[in-house]
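The two complexes that follow have chain A in common; it is paired with chain B in the first and with chain C in the second.
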Partner chain A sequence: MSEISMPLCWRRETKPHQFCPGCGHGLILKALGMAVDRLQIADKVLFGCDIGCSLLAWDFFNLDTVRTHHGRTVPLIVGAKRVRPELVGIAYMGDGGAYAIGAQHLVNATMRNDKVMVVIVNNTTYAMTGGQLAPTTLPGQKTETSPAGRRTEREGFPLRGPEMLAAIAPPGSYVARGSVSRVRRLARLLEKGLENQLQGRGISVVEALSTCPTNWRTNAEDTWKFLEKEMTDYFPLGEFVSPHDRAGGAPKVNGNSRKGGG
Partner chain B sequence: MKKRVGMEVSFAAAEAVKLCNVDVVAAYPITPQTHIVERLSEYVANGELDAEFVPVESEHSALSLCVGSQAAGARSFTCTSSQGLALMNEIVYITSSMRLPMVMMLVNRSLSGPLSIWNDHSDVMSIRDCGWIQLFVKNSQEVFDHAFIAYKIAEDHNVLLPVIINFDGFILSHMFESVELMEPDVVQQYLPPYEPKYALHPDRALTMGTYGMPAVFTEAKKAQDEALLASYPHILEAWKAWGDLSGRHYHPVEEFLTKDAETIFVTLGSFGETAGEAVKALREKGHKAGLLHLRLWRPFPFDAFCQAIQGARNLIVIDRAVSFGGPGGPVASEIRSALYNKEKRPGVYSMIAGLGGRDVTVRDYMQMFESVTAGKASAYEIFGVRG
Partner chain C sequence: MGKTFTKVKWEGPKGIFIISPDLCKGCGLCIEKCPSQVIDWAMETGVYGTFVVEAKRIDRCTACKICALVCPDAAIDIEKKN
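Let's look at the complex of A and B:
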């Protein structure tokens, strides 16, 4: 990567970065860097990273950075944001941190519509620990703890995080899914998420589909195929609309259902 | 003919858990525990082990699930390290107070922060008072053997307490060592199928996890403490029976050249093996050095310990965790307290060493020995701090 193409907020002396060859983190952090540059908010950002491969972003940026423990980055950033509302809080984490061990935080921060942005890297596995079954592992996908492939009758179906959060997202929230296969588009989604926070509207959650050739044990071609075909088929890209923001407003609740009695 | 093979210690651990014929394995990935659980998931997938394997969403859930499965009468197993144990903490106390005889392997790793995946004992020392039986093993064979021994102890109707097998992350878990495997029928002879004394069963309803009003809470805690102390002879029995069967005999404290020793190192876990080399080297130079490996940490084997160190002038207690703001390392402080009422007691030197994966070499042990015997060591120090 040439000097010129690095986002300004990247910390140059920590490059080349420590992620594996072919890993999507570099691209997502590039998209995030581009979004921060475009909005010129580097002096306002609090960047939090989680446990798992996302922790390797701890010295990635020239941004105020804090790293906590697995799944806990969301409440940490919420805490910082509550006392410094003028700042821009970003929680950067993997799908295991967000949807498994830290799911309660993500759901509750969304319910409260905390004015932070959560960036979730979905690579369908726990990569840092060597590739175990994650909430996002696709049906039939082999991992170190699903050697015969994910069996949906035992382990259920992969979680579509943004869709789940969109279902409970309050008015003003922003929920989207991008992919490292479309970095400029991903940068735009992240920028919109940040704008949403800057405008004080509500929580922003952006999932980024990512690659993990190390644990998928795929070559470049198969890595891209898995991302573009299998992952993108199951995890559709786009922006998700909260029920409150749909035409017709919030979902109607039938307050008289008991009286009706069937 | 007994089969001796070389394998990664984590795989030896998984092999032993398979031979225990556990019914439930629930775990969440955390380094350096992962290889054990991965191997168990393979055994379940290929039909070698008929068990429920549940890749749960956190360690808190892993232990909670095992509490449920064990309460329902199933032999349950989990395995974790470091932050995983920290997240389990709440349920660790629940498990022992519910007297559920499950087994956990704790592949010791530092607690954050700074973040470290490397080995020390800060994880286990955070649950020192949790009411589980706690063992420290130091090589592959001990890891392998103690899977059976741990269930044997736990499920003894005179014990009914959960057991933690501690072994060092990476410096033991990821080593390749030789291990003598056991035939399944021999294991089954030692460890028959689990017969719960109490299990949740709708036909014979009972309550587990009761509410303790002030009028009974103290009594409940006293009963729990007594149960843990009373497990001691049954632990010895389980070791004896295993020794008779396998020829490998284990004791709460393992002594190496302690009989006439003036200065004795006290270690937990794999550090005992290196310290043993240091003791040999010191003996060659004519120094009266000895080593005591503390295999049983809870219940603390006070009598066996005091017996073993009789006649010693100095104890160098190696602690691999810091008790911040306290009087010394957690193990050293306990030993001091155990010896306080003795008329004749050695000097206890608390040396914190080997934190976060720092090697402690034979030379380091010799240096500790030198500073203690020359009267230069303080009662408590963090050994080998640079700068």
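Let's look at the complex of A and C:
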């Protein structure tokens, strides 16, 4: 098996893995494996996975792995990193864990600029429990709990997580969004996130747009179409610069916009 | 080292297409991504009892390895010929 088909840090005994056919988790974990292999840090990584489909990654790698409860992967990895700063902490979680039940942990870890990497899998649905409406479900998208499609006047608009975190991210953070339709690019983003942590600069948050053919009820053609067209239109790919790192520095609190505001 | 998987090979002019039915779950993502339409459904079933894929038009394969890259189960491997 060559490096691009099965990375060296994958645990071969547990393959075929437990994800559904066509699931994007396999591709994100492949990109993560490629990044870990390239940096040769497999002996230092602490990999934490969350509840949801992401928990099926618990036996995926030949890495030290810990699995914890809904959205609490970030504080757990942050705690381990604070006790053992030589470790490389990776918190791997879905959009439900990161943006719904674990949002406060993610926001506070970003505010504190903890030296960990958070990988968020965005497949626009709660996949393990049967495809319910998630914070990232697209407007009009049908799910188990929104059979007529997501109505924005009732359920609101989908959350653009990296944009939100980039707005509060302190200097030295790294925030990016990749997609499983571009695996090499995603591996590069994850590698940059890990490098950011290895250099001790700050938090790295990488969101990966993923696929869920089982709950989207799509065939291979429609799976790629939904990911590359509809999802990528709403969730633009790229790296997001924190206001602190922009030319001119962070916006002033008592700037002109406040004058005469009452 | 580690677990080994059965391999089925198709040899073309530019590369060898190798698939492991032990790993292929039949999602079909590679069929859509192949720029030369080399890959198609096979009559054999894989690990989940679903149809696996085969390199039906191997003479068109350019060994670009996109299929191996987009396979979530790492079931495909390409050996490039020099």
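One rule holds for everything that comes next: the second predicted complex is superposed on the first by the 250 of 262 C-alpha atoms of A that agree within 3 Å, B and C clash if a C-alpha of one lies under 4 Å from a C-alpha of the other, contacts with A are read in each partner's own complex, and residues count from 1 in each chain.
The rule is simple: a residue touches a chain if its C-beta (ideal position, glycine included) is under 8 Å from a C-beta of that chain, and two chains touch if they have at least 3 such contacts.
If you're wondering where the values come from, they're calculated on a predicted model, not measured in any experiment.
Of the two partner chains placed by superposition, only chain B is touched by A:132; chain C is not.
Once the two complexes are overlaid on the shared chain, A:19 sits against chain C while remaining clear of chain B.
In the superposition on chain A, A:224 contacts chain C only, with no contact to chain B.
Annotation for chain A, partner touching more residues between chain B and chain C: C.
When the shared chain is aligned, no partner comes close enough to touch A:202: not chain B, not chain C.
Of the two partner chains, chain C is the only one that A:213 touches; chain B does not reach it. Overlaid on A, the two complexes show chain B and chain C touching no common residue of chain A.
Interface residues of chain A, counted against chain B in their complex, comprise 51, 55, 67, 69-71, 96, 100-101, 103, 126, 128-130, 132-133, 135, 144-148, 155. Touching chain C in their complex are the following residues of chain A: 1-2, 4-6, 10, 12-13, 15-17, 19-27, 30, 180-181, 183-184, 213, 219-221, 223-224. Of all residues in chain B, only 28-31, 34, 37-38, 41-42, 45-46, 53, 55, 57-59, 83, 87, 112, 115 touch chain A in the complex they form. The part of chain C that touches chain A in the complex is made up of residues 2-3, 5, 22-23, 25-29, 31-33, 47-48, 50, 65, 68-78.
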